[in-house]
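Structure first, commentary second.
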Amino acid sequence: MDTSTVLGLCVGMGGLLMGALLAGTNLGMFMNLEAFFIIGFGVAGTIIVSYPMKTLLNVPNVFKNALFAKEMDYVGVVQILVNFATKARREGLLGLEEDVDQLEDKFLQKGMQLVVDGTDIELVRNIMDTDLAFMEMRHKEGEGIFVAGGGFSPTLGIIGTVMGLINVLATLDDPSKIGPAVAVAFIATLYGIGMANMFLLPIAGKLKIRSGEEILLRSMMIEGVVSISAGDNPRIIEEKLKAYLPPKLKAVTVTGSGSGKGGAEEAAAAAAPAAGAKK
Amino acid sequence: MDTSTVLGLCVGMGGLLMGALLAGTNLGMFMNLEAFFIIGFGVAGTIIVSYPMKTLLNVPNVFKNALFAKEMDYVGVVQILVNFATKARREGLLGLEEDVDQLEDKFLQKGMQLVVDGTDIELVRNIMDTDLAFMEMRHKEGEGIFVAGGGFSPTLGIIGTVMGLINVLATLDDPSKIGPAVAVAFIATLYGIGMANMFLLPIAGKLKIRSGEEILLRSMMIEGVVSISAGDNPRIIEEKLKAYLPPKLKAVTVTGSGSGKGGAEEAAAAAAPAAGAKK
Amino acid sequence: MDTSTVLGLCVGMGGLLMGALLAGTNLGMFMNLEAFFIIGFGVAGTIIVSYPMKTLLNVPNVFKNALFAKEMDYVGVVQILVNFATKARREGLLGLEEDVDQLEDKFLQKGMQLVVDGTDIELVRNIMDTDLAFMEMRHKEGEGIFVAGGGFSPTLGIIGTVMGLINVLATLDDPSKIGPAVAVAFIATLYGIGMANMFLLPIAGKLKIRSGEEILLRSMMIEGVVSISAGDNPRIIEEKLKAYLPPKLKAVTVTGSGSGKGGAEEAAAAAAPAAGAKK
Amino acid sequence: MDTSTVLGLCVGMGGLLMGALLAGTNLGMFMNLEAFFIIGFGVAGTIIVSYPMKTLLNVPNVFKNALFAKEMDYVGVVQILVNFATKARREGLLGLEEDVDQLEDKFLQKGMQLVVDGTDIELVRNIMDTDLAFMEMRHKEGEGIFVAGGGFSPTLGIIGTVMGLINVLATLDDPSKIGPAVAVAFIATLYGIGMANMFLLPIAGKLKIRSGEEILLRSMMIEGVVSISAGDNPRIIEEKLKAYLPPKLKAVTVTGSGSGKGGAEEAAAAAAPAAGAKK
Amino acid sequence: MDTSTVLGLCVGMGGLLMGALLAGTNLGMFMNLEAFFIIGFGVAGTIIVSYPMKTLLNVPNVFKNALFAKEMDYVGVVQILVNFATKARREGLLGLEEDVDQLEDKFLQKGMQLVVDGTDIELVRNIMDTDLAFMEMRHKEGEGIFVAGGGFSPTLGIIGTVMGLINVLATLDDPSKIGPAVAVAFIATLYGIGMANMFLLPIAGKLKIRSGEEILLRSMMIEGVVSISAGDNPRIIEEKLKAYLPPKLKAVTVTGSGSGKGGAEEAAAAAAPAAGAKK
């Protein structure tokens, strides 16, 4: 459960309601079926035209991802990869077979499986990179639907308001009724701007951040898998992977590197062959 | 037939009509010849100035592409390429000659033809890449016409409205008639924003997605053709091409790789020579 | 003569005039010297500040280029280059000397001259690439003047209108005269938005397209000149250059390659040495 | 203490207050609880939806960084690195161990530690580059919160104003009270635009500049650490690092290079082996 | 003295004044101290927050650069570099020592000094490239101040107008006085848009062009210095450098290359060793 998404929606809507109530607004006035049809169906229509069916059918999943995504466990991935590297040094790559089968993450499992099977390093990196690139592309498409909706929504609000104003101006004779009629016309603008800014664009923002986190995690996995395949020293791998982490998470140690001079010296001693194994 | 384009146009226009009718609007009021001339010819004029004749004459084709484009068959392309790779291993590249002649896709046929003819790999990739790059450029130009139209359309709406307002303000003496006259002036804004947001920009969005799908399909073709030319193992080729697919489509298997340990080991065994054949 | 530029300007202005006349507008009302001074001199001033003198003095040439640019002859360039390649194979590079002297295009002539003189391939490519890059830069600058004008023009329209409104609001006592006075103030907005959208931005669009076409043509020339210098087979050169062309123009053949199996086989036979000659 | 941030906020707010007082505005009128709820909670809500919890909890640190960041000491870093290089030439890399332990900057210390430990140059650069890239990413995220807030804030102001106008138009009967009621509705716009332009966006600008300065400083550190590790001549290192400095700071000398012909000749003599040591 | 900057400012302001006078505006009406405080101090405040002190203190220099920058002498630089190359061929690099001391341009002098001192080519290019990159960065920062000011200025104008409107609407009882009061409120908008579009943004545009010209000139210097260091033939150097020039300036010759067949043949003869000396 993504707490900040739900909390944020509540805080934002709550603020608007609070402001409206303080101003003594009758909230029922904001319920307007005409504006709902124009903004709701209008935005839906533009989105349906803009995207192919199979992308649209995926929107509920994308939205669920924004609401319920699980936290990324960067440190856990570092631990898994360093443990794999340690075991691979002791027992050889084939010794990892069973552990790989038990991995939860499909992406990491696929990569490690290829390594255990003895596939060429460059090919493993190539396949994992391509996979990651297309995951990123699919994420961008999902996020793009919300961005596009957030772009069309305010203009549809304006369309609704202009339609309302035309209707009002062309037909009303009694000046005293113009006020309330214009008020109704403005509700479409409210719906359009509100839907874009209170809902669609913030959700798009969250999806972008989530995608970035997942790409980071998977980049770490690729780095780790390739390093294990190259037979790098576990300490070096830990050092490399920790460079991806924010300062706080860096403090956590797996193999004990960074804990003192001794560890650092060992790492240095190991660095030469590891580097030699690289292209 | 692209169902989502047609469905989306109906949903969007339907929503606007529904909203207008609910508000008791006389729809005939929105029919306005002056606004039609200003927006229609105005936008057409700007587009005609912005693009060369031969690009403009291609607009109907571009539009037809948005409405009637056929679904991309990614899995089919993987199957064709893996089958080619298998046959090429058994019978040599020349054995593919007949199959290549029967290919429907001109782009894939051209590439395979070059391979069967024994053309140098780098040259084949070079020619296919250039061809793809220019296809992308032509797609961008087609899409650009709709984007440009979507940009000029609202400003022409404003031009029409300002012209109408000037006319109203300068000539009307009777205040009671200002309302209806201003209403007419606003119809130009409605046309301008509506045409951009209900039609031109969503179509541009769809064209962009379509172009991306075709580029993806052709990138897969290039990858496959080059791999076949390099004599890669069919399982490796399948693995490489599947990295392009979304998770769901990955499940489909052609050669049976990924179905178990055995397949994976074979793939690994095959990986070394395949990789060795690469630069 | 670029027909679409002239046609587009006529269609756009015609549409506005038609709309205005249908609305019974007295066209003379749109003639306003104050707005002309504010928009015309205002935009001119901002552009003169933004660009150095020598770029500004080149504007008439840039504009002429948008109106009267000649059609690019892509197929003609392919033919010339393939013929050069054929002759170079028969008679050596020095045999091209006379033909090169008669070339109309200065850019191609310069490049071929360097090749005929026996200059190092990489140096030829280097000089031609630099030349092309700076041509592109100069085009961007010319186009940029129109884009900048199109950006400043509507805001100057707003400046004019705000100035007019301030004048009206501050000084008029008779409410019945406010209408016509505000109408006059709005003419500045009309001029500003109109000049940007009916003229400056579409011209900028056309200049961009023209520049793209010329860059494409010259990229083909560079590719061809380098290939001739490398002694590539004429058929291979034709194949390479045709990858730059849209599908329709690809059908045209020069050496007959692509016309049948035989041609393709010959091309394949020729491919090896050609590729070998490349770096 | 970042003087310009505090000074700027005072100058800006002071200017607005001064203008308001000169116009005889009763400042209390601008205090409005409804607008505060709508803008404050509305913007907070959109930001909370857009970003994950742990990024949001970091906002106070980010803001503190904009207010209290210490000046970057570029020249000091050049001096430290050149001194290290000099000492390393005399006493070997191990002779730097103690000095490295006393370094204040964690990033430089980590890098030098790796060098002293004899880690492979490419690996050191790799780890430092990755670390820098992720620092930049975290900075962008922190800055992004302020940019996003600056984007949502004016639209929430419009939402508040539209809500207020709807309320006013729908319920007020007495025309003489419309003025003050509309005035209150406009306060939301004032809050929204004001918060974005007087606070959020300028702070985002400062954060971006700060980030750029820190990246520059760390790029210098990486360049220096790698050069020391490669055993470059101290004068050459100084020359390389000074290229990062603005003209004024370049005048300061450490080793005396650039002070005359002699120094330059020595540098030249040293250049060959230094360059030879590079890849 | 940059004539176009001064001329442009006069033309623009003159156009506005002319328009205002033609409309019978009392120019004194546009003088408004409140608006001056809000826009002037408001924009100053946002800029002071956005940029560090030392960048702000450099604004007068940046502005002076836009007003008084000297014309770039591209042809002069080509001549100097070709003459250096010629002399270096005759007398060796050390023979240039005296000429280098007399160079006016510090950037070229520094580079040539390094070459004369026998510094490694790659290191010279490296140092000059870094220097150029940071000059470009400083230019961008200076230009960025004007762009940021141009972005904040119109919104501060709106803030001022909204503040004025709130004041007017909340306090005025006499409808006949609303007009003049609103007029005053609109002056803030006029100041904000005017300052951005008549001054800040055009100056930013000019600074960008100037920066581009200086970068071009220095790129030519780097190319020339490196070529001299590599011992390239003067004619080849001239050819390379002239590729940077617009067509008109290309006509000027230094060594006489391009003047005829003979020259071209000599150039060709010289090309091989020159190219051989390159990496």
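Per-chain numbering from 1; labels A, B, C, D and E assigned in written order.
Here is the rule we go by: a residue touches a chain if its C-beta (ideal position, glycine included) is under 8 Å from a C-beta of that chain, and two chains touch if they have at least 3 such contacts.
Predicted model only: the values in this text are computed from it and were never measured.
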Contact distance in steps, from subunit C to subunit D: 2
Interface residue identity across copies subunit B, subunit C - same or different by half: different
CA centroid of subunit A to CA centroid of subunit E, Å: 40
Length of the line joining the C-alpha centres of subunit D and subunit E, rounded to whole Å: 25
Multi-chain contact residues (two or more partners), subunit E: 184
Graph class of chain-chain contacts, one of line, ring, star, complete, other: ring
Ring topology as an ordered chain list, initiated at subunit A and continued via subunit D: A, D, E, C, B
Sites on subunit D touched by subunit E in the complex: 2-5, 7-16, 18-20, 22-26, 29-30, 154, 176, 179-180, 182-184, 186-187, 189-190, 193-194, 196-198, 201-203, 205-206, 209-210, 212-213, 236, 239-240, 243-246, 264-265, 267-269, 271-272, 274-275, 278
Residue ranges of subunit C touching subunit E (in the complex, touch as defined): 33-42, 44-53, 55-56, 113-114, 117-120, 122-123, 126-128, 130-131, 134, 137-138, 141, 148, 152, 155-156, 158-160, 162-173, 184, 188
